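Next up: the structures, one after another.
Okay, so chain A shows up in both of these, paired with chain B first and chain C after.
Now for the complex of A and B:
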């Protein structure tokens, strides 16, 4: 190509730190793409900093590492997963990089790799955001909220809004909500809102998920700004930008059943253990675990045609009428695994009413029952 | 006694009627065509019991002159065809002059009409072919046809009419077809006093399509207009992402006359071929104009099949025009493009240059790192040591493999027998067995598995149904909603809880657990298409047919890459099947080859 940029970049990086940075950045590199340039990572060496960047056009990340000795600045674009493989397999403390004869040479101890480079000019420009409209949310709160919602989003749904996390910030209320149509996770927090921000947007779940992983202990706040079609998040090291998802999100406040009159407090670990046991005797077509509540006894039962059946009991404090309700155990195991709470409240009414998992005011998780027909 | 009789004239009419009037929808079609020919701008159709009891069509057209009233119901009378020569230049609809007479011979027809500007109208009745007197009466400008008790005198035919919901489905479709060809005319259809739809006069085809198929859908259609010589095509084309399982949604018009003929259907299929997955069909609204002399519409009484004088030229023109439109619409790369690339060996032999890189890289599968496949073939040994990358997984921060392992709760991994397997072409699974190997069609096998499990659950009334947080709304073409509702008990027994929401919209409240990962709206549409296409929807749905359709639509598709866990699950379920060797449609799932056969083939014995 006539306009090929010649670079002479040369730098040395700490292997572990580079591995961490590269793992984050490569996690959004698409496995398959009609645009092969997107399977690359762009590395830019500048004054004692190395910036790694990748994008799948929906989510973009740039990540800065500072424990780098830059001998000559420059930019290279290389196949992300090959580079990641190399850094994973190496054992040396430091890795040296240098562009030699249009290939990226990677040296560590006695290993040498020469990696094919791609054309830097074809790599998409990552979105830049005006800093002036930025507002901040506390890192710990926000990362927890993401963790408690992202798993509930759908993976590949025709209804695009189900693939995202709703980010709703108004007055001093921050809500994150995700659903795949069968359950809904809603994390909420009080966050100071001096700039009188009022946003209500749907963010790709993988974008926020990535954000929650790149934050580090020394980040206190996450800076956010929202434009017409993007949301940018900024931590000390990383900038993550996500293209907003257009579409209508279910009115989440309305789907929370108001009339669940039975509330049970469980030890999270115990409930999780019983559900995992019941889950064994389910299959793709018979996913339900039936919860039977009797005085002071809760029985979980499951059965699947070619698998078998299970009955698992636990003692509970219950004096009401006997009743039953069935759920897909996966939809309860998932939140219980990540909540990190010792106890959890499960609210129920009858076999037709959704169940609610609650953590104080901070978290509501709705799960739709399974009926037998 | 002589055995041969001359048929009475009314019997002749009844036989002729049978060709034109097959069912209530044909009556509706013929009457609307008459209205359109009379220049009507508003057409109202009212039916009862799927048209079996009553069909009324009311228009504001120019009306029939008093003197012409008896003629209107006479056989082979038509206002449109005067000389034999005209037969080959047909521009209007009801040229054969059979329609009204035919209807009159198999039903009780009352025709009331008033010419615009006249003070009184005229009415005439015909009962089973017997024409009554013309009487003067009060009327509105336009024509009003009232058809009662269709086939009352042809019991054999009446017996073959389907349930009301099926018949109204056909009527809805007949009106839709005509309405699409006349966007400016307002159409309203009532069934048993309930409005089925109302489409006010629209500015153009796109707006009209929106009225029947949904606004959003119509906005995304790709417009095209081509001319070559005396052929002209104007069309709205759905993007290849919007597909159906049948070609029922291909609306083709030649000289503004709806038809379904092989030349056009083939041209459309061919134009879309590289953009669509196998067995999926495009949705098109396609209007082709050609000199009337080039097309013979007089082949079939309902005029749905035609004959062209230059079929090849027409085929090439239509295919070319549609394909050009799709290609220039900037659609995503056809999905099978990777398969068309050069084999890997050819690339690896020469030194890497910049422009080779993309194709080289596409074959390195990042998800499985070092063990990346070089072709479309993927091998895994269930008993082998874990791949190097898996062993080191703990060293990598979790973010790395997050995208590759985003599965909900991991399935228990059971290794069935220690046999090794591989998936080829993302469609077949090859399994090594004690005496040779087997090739399994992943779709057919999975279909069989779902079918068997659901059947047993159904027998035991234990079908599990996942309720949805927010009901999914499915917009359906006119008539389909009724078919769905008529069978709601059957759907419910398989885990679909549905209810009517508005005129042509169904709400899905719950879905079978077996299909919880399938997108419900598209699935349900396909399901109905399939049932209509296969004729199963005429009358109550056969539960077994419904079950087979659910299994087919819910099963893994060919071309879908499976994870190791998914393959193991399939193979485990297969062992438990009584008869895993054929899918519910009877197609085989498995091909076996023994070692002996292999040896024989290679002349080793």
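Now for the complex of A and C:
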């Protein structure tokens, strides 16, 4: 078993195409791993196609790129980040690859690299996409929903369900929800469900995040299928599989405040600009930006002992009584900058009740206030 | 005579001379030798933060109203303080200290205690280290300082002050009584105007004269603090140099008359101490994340155990739950019992700025209200007037 698989692979690839493919694939390759084989990418040259594959055991991807001239098929396994570095730094239009004397030789213009190869038989087998039980969701809708939720998930939280995105598809309703406990993003869409799918699973946020990046303009649909412990997603070029996160997702419907009686419509850009300004005068210890609502005026104020303070005003349409609420501005800047909506509705009640950002029926984002005294 | 092992010269007190003003002079050499006053504006209600020695000749000193300083020294150059900049210079100074010992206790931006015991074999004795630090601060940062070297903190601080600026004074164990004797009693830590007056009324002006009183006499004059004065006047001080990260804490402790073995009783005492600690934390407007339990055994062995919470708190109950967990799980109570127990809160921040949690956690508001009520009642009726029921069983 220890003998290395002999291969004679040889191919030529378009550098830009390869760079894009490799960047996606390498993004899940861990920088450090107790299993060194996972730091590799597997390249398989087939008939006029090159397949790139990587996995961190939670999320796996295989990505097919065309615009490849395959002279001899074969499979190699090489250190992913080194190969990415090489392709990033090269400037030629084409890059030639060939296995020579158990090393992968990379040639472009006047540059030559010889890259150490790992044993292909050690590389984990990626999950197979089951032929049946596949259902489809429209690409544009789904990619937008992922983009609007994935940032709200926690990173490496002890409550595992917080590290994932809830994927809930039943009847013709598709919901994606992510939270880190401080804020919660909930994207909703009506999607036809002829196969009467009913799934409710938690998917690692980085898996869906990767999926939203590998979709391309010519993908109309994303194919999905869910097994006991995996969700698999398929686009024209890529297959992404994610190990499901076990655990109970928090009851998100209950934390949406029902009684926010103050609704403000903002220009997204203007609100974003004011928040970014206020954000400057916060630090780790004083993260809050205070919103003070007065008749026709909204004032944002922030202050941090070691940094300074800011007062930023904005004219609004408001005739109610004066009130205040404080938020971590980062929790509002993040959704505002990716929403791509011209206007946004902010709903509030008082200083203790979560605030709600809303985009029609499609999106609800809830953020807990900061209590300042 | 070489210093005895029990009282080696191992404590340094380094005090920067006219710190803010010296930095300003360094930054703008045209200011050198001229009266420089760093502080608020003379027109407003500002005060002097620091005065160069040239300004001090006119009677200007720190904490004086800036207007008064201006009258005393009309041609002084007034500079608004740049605290963050001074703090960054302090960092550089501390980096020099760190080449010699990790036991550094800064008292403010411009002074610090260093414990260099155990460094002698590697770096030379405390006097050599003190000289070296003073030179390096002068050479590398172009700033003057005064250094005191002594067997303990009290004497080291006293020493650094004796020959300012650019002073270097060593008070060895065998010379301490002689050096202290002629100094005014006000040199003792904690002797303010009132105490000074009481000593003077008793005909005691110098530290030497104070030594004529017995411990009992001092205690009858000044209460428990009299005992401290008794020791200080003899140059005795056993406080340790506490590195900064530990010093930024608020704690309460109590010593038992007899060693306590009963865990339940310890838990009860702990609740009272936590109440005191938390009340002080709240009074000073702090929030803290790290709870520390301190226990001293019958044989004076001391242990501390800490736990860091998910988020800062100032609530008695949250601190108590953590302290009690430490007592129950991290401390073995020996048969002969415990002499002292204490609880502290550190990792302090000034703003509560508590980010709310969508899915619960401890009910902050309710706890705040209970704490506020307890604080009020205790303020009104004394600390034993109210206690929390059933807590020690929870």
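Things worth noting here:
Please note the rule applied: the second predicted complex is superposed on the first by the 369 of 373 C-alpha atoms of A that agree within 3 Å, B and C clash if a C-alpha of one lies under 4 Å from a C-alpha of the other, contacts with A are read in each partner's own complex, and residues count from 1 in each chain.
We adopt the following convention: a contact is a pair of C-beta atoms (placed from the backbone, for glycine too) under 8 Å apart; a residue touches a chain by one contact, two chains touch by 3 or more.
Everything quoted here is computed from the prediction, not taken from an experiment.
In the three-chain model built by superposing on chain A, chain B clashes with chain C.
In the superposition on chain A, contact is made by A:182 with both chain B and chain C. Contact with both chain B and chain C is seen for A:287 once the two complexes are overlaid on the shared chain. When both complexes are overlaid on chain A, the residue A:366 reaches chain B and chain C alike. By the touch criterion defined above, A:118 reaches chain B but does not reach chain C. When both complexes are overlaid on chain A, the residue A:250 reaches chain B and chain C alike.
In the superposition on chain A, A:354 makes contact with both chain B and chain C. Using the contact criterion defined above for the overlaid structures, shared-chain residue A:279 touches chain B, although it does not reach chain C. With both complexes placed on chain A, chain A has more residues touched by B than by the other of chain B and chain C.
Once the two complexes are overlaid on the shared chain, A:82 sits against chain B while remaining clear of chain C.
Once the two complexes are overlaid on the shared chain, A:328 sits against chain B and chain C alike. None of the stretches 163-171, 253-261, 361-369 or 559-567 of chain B clash with chain C in the superposition except 163-171. In the superposition on chain A, the residues of chain A contacting both chain B and chain C are 179, 181-184, 250, 255, 285-288, 305-306, 326, 328, 352, 354, 366, 368-373.
The touching residues of chain A, when paired with chain C in their complex, are 179, 181-184, 250, 255, 285-288, 305-306, 326, 328, 352, 354, 366, 368-373.
The touching residues of chain A, when paired with chain B in their complex, are 1, 4, 19-20, 23-24, 26-29, 31-32, 34, 36-37, 39, 79-82, 84-85, 88-89, 116, 118-119, 151, 155, 157-159, 179, 181-184, 206, 209-210, 213-214, 250, 255, 279-280, 283-288, 305-306, 326, 328-330, 333-334, 352, 354, 366, 368-373. Of all residues in chain B, only 332-333, 337, 352, 354, 357-362, 364-367, 369-370, 389, 392, 395-400, 402-404, 406, 408-409, 412, 450, 453-454, 456-457, 461-470, 472, 492-495, 497, 510, 512-514, 516, 519, 521-522, 569, 573, 576 touch chain A in the complex they form. Note for the complex: chain C touches chain A at residues 84, 349-359, 364-365.
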